[in-house]
Amino acid sequence: MTELILQALFSGVLIGSVYALVALGLALAFGAMRIINLAHGELVLLAAYMAYLVESRTGLEPYAAIPLALAVVSAVSIALFMLVNMIRDHRELNSLILTFAIGIILTNAILLAFASDMRTTTSAFLQDAVSFGDVYAMRGEIIAFALSLVLMGLLWWWLKASWYGRAVRAVSSNRGAAMLMGINPTRIETVSFLVAGALASFAGVALYTMSVVQPAVGHALTVKAFIITVLAGVGSIPGVFLGAVLLGVTEALTVTLASSALQELAGMVLFLMVLFLMPNGLFGARARRG
Amino acid sequence: MLALDGVTVRFGGLLALSNITFTVEKGEILGLVGPNGAGKTTLFNCISGLVRARGRIGFEGKDMTRLPLHRRARSGIGRTFQIPQPMHHLTVRENLTVAQVFGAGRKDPARIAEILDVMELSHKADADAASALALQELKRLEIAKALATEPRLLLLDEVLAGLESNAKRSFMLKLRELHALFGLTIVIVEHDIETISNLCTRAVVLNFGQLIADGTPAEVFSNPAVVESYTGTAHA
Amino acid sequence: MSDTASSRLLSGRSLAMAGGLVVVGLLPLAAGASPYMLGLLISSLILAGLGLSWALLGNLGGMVSFGHAAFFGVGSYASALLAAKLGVPVLLAIPLAGGVATLSSLAMLPALRLSGPYFALAILAYAQIFRILATEASWLTGGAAGLQRFPGLPTVFGFNFAERHGSYVLVLGMVVLCALIYVVIRRSYVGIALRAIAESEDATRVVGVNSTLLKTWMLMLSAFIAGMFGALNAHIIGFLEPDYAFSGIWSVMPIIGAVFGGYRSVIGPVFGAVVIYMFDQVIAKSLIPVGHQILLGIVLAGMVLLAPNGLAGLVGRIFSRTGGKHHARA
């Protein structure tokens, strides 16, 4: 039993790190524009299918698809950004509906292009089991975990040290003041969407190497990412990482201790509990009251 | 009529109101004075229930401290916002009707007509959405809306600000008229010493969330602490 | 409070609207629509009722829901179980099921304090939770295998509601009734106050409006209507399983329909749901058998960008230009 629980904790942490990448993209776009991009999960999904495309057509390792995924997802992300920018009034509500619609379009486009079958990597290298004492993982999971940590580190450094990163933070905390400092918010928003798209690209490819994807997964990923940002409260990178790991672990433990049918239930209940009982999230403060 | 006892508000590290204790007598017009950021609006927010405070707020002998916003309005406390907040999509008359139906619990078109008349808004009553009004009209709508709830205590937040001196004088007369016509007790936030001296029988002064003086306008404005707080920030 | 409301309700426009709905609604019968066509129209009217319930919450309560499937599913299971296990007459079970959906909405009261996207996704979470609970509580619901033996719509005074024409008239009547209820509320002071809350909550509360209470009523009423249409649908289809009854379709289609038709008006969600559903089933499906929802997504996105007030808004704009007439304020 203990081994099973340990194994669940371990797997939860590994998948949680990829959830964190997804959630960080969502949070970045939210920070810049105050809109929840309900098509964010579909961007991740798109990248996963680019990995499938490259692997099935060329026989290369899925990670070879990164450049293609980056190009495609960034293009879609920018198109999405431009569409959202066309909204004039009732921005909050209309951007929700618009990005939701784009999510429907992307899901069905993927369905049309790749059918509804479940896909996952066929790479023997990535599917090899690696053992750490009593717990096991696929090599793909370990690589994805390491990649996520590196990307989070890079993102942290970028937000902290680069001019763009600081401008992004300035725009998210106070748009008016940022404009007074000579920051062009539209340019910053564009950059935020690009970076969110880049994170989604890596997350999608990583997801393909460690888990199964199908068109409906996009929507589920958006919801997971949203849950994580609620858990994390303030948009700090360690907070999002912890929230994501918490979600991953909760799901994995539910599957181990109860049943896989309840996996989603656990995430949702966790979400509602935090939403109602801890208005500031687990690790910080952000107003979400009307 | 209104009794504040140890009212204290913190916003994070900022002590916005510190242990404020004073009472307002029935029928009074009380001036609430203090430099920007002193906590005057916050005090109104506490009394009307928008901001939760420590301490005790009593109104007509009843404890209001735990009452939600809308219950306080129904108990007879009306207020205006420094930055007018009309119900944007509604007409002026609908604004007042909602205030009357929910705040006073009855429907009396004649009284609304009277309020519109007193506040010189009759000509705009049904014309357009309230958000289309000019700023001074919006400020009059703020007062009209509060009056429609049939308050006994009226909290006015800088309603005279931005008026040139003639308009200010006639608006002061208007406030006197309201005071008599509706039998009101009024607390008014105002910066201008002369206005306070003319309008009010008593003034209390806030500075950095502290109550630093309480007395007749003449007493208060000759108080060295008040003079310093004013000259300290007025020219900043 | 209700005196002016009902007198204004009786003033021509809303009754004319109701009459118009009935006439337009009866046209397919007069034209002798095929049973297949009537079946499609019945489904579209179910979505129209659901769309009304969604728009009522969104427009009057200022709350966007992404989880109306929760109420729809609870209503369908409640009615089927009441009729099958307790022998409640179906026509009574349907409003009772609305009541059960209302009860289930009480679990969502904490969500009323949340703003915008948080509310939308909290409701979505409820819909998922309800679906999983319906799957797990197999002793009651039959679990994933579904529920098949429960009564259909009855025959009353020789009028057979179970047959296509009868079902159609019943569903149409329910839609018109709900539209009228919506109109009455919208014009009442409660409705006016709710519109004010959506834009300026503090300003409205400070004049004595208990915004939480009014929003609670709207949530409960919205759940009631959605639950009733879920119940109607269950008895018409005669089969339930959790993945169907709580399907995301019931959350998504009303949104698309309402946005297409114009969710700020009463007629918009009804009209929009019918047009969108027929478009999806008749045109989109024949063009793209699998993945036809892509066209719905395109329509939805296009509508938000080009005509955010929907068809009703477009029509209103044309009216106000040509007739110089004031169209209904948002």
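Read from first to last, the chains carry the letters A, B and C; within each, the first residue is number 1.
The definition used in the following text is that a contact is a pair of C-beta atoms (placed from the backbone, for glycine too) under 8 Å apart; a residue touches a chain by one contact, two chains touch by 3 or more.
Remember, predicted model here, so these are calculated numbers, not experimental data.
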Closest chain to global C-alpha mean, per-chain Cα centroids: C
Greatest separation from subunit A - chain, by CA centre: B
Geometric centre distance via CA averages, subunit C-subunit A, whole Å: 33
Separation of mean Cα positions, subunit B and subunit A [Å, integer]: 48
Subunit B-subunit C separation of Cα centroids, rounded to whole Å: 43
Touching residues on subunit C, where the partner in the complex is subunit A: 58, 62, 64, 66, 110-111, 113-122, 124-126, 128-129, 132-133, 135-136, 201, 248, 252, 255-256, 259, 288, 290-294, 296-298, 300-301, 304-305, 308
In the complex, subunit A residues that touch subunit C: 36, 83, 86-90, 92-94, 96-98, 100-105, 107-109, 111-112, 115-116, 219, 223, 226, 230, 261-262, 264-265, 268-269, 271-272, 275-276, 288-290
Subunit B-touching residues of subunit C, taken from the complex the two chains share: 1, 189, 192-193, 195-196, 199-200, 202-211, 329-330
Complex contact set, residues of subunit B against subunit C: 48, 50, 68-71, 73-74, 78-79, 81, 85-90, 94-95, 97-99, 101-105, 107, 129, 145-146, 148-149
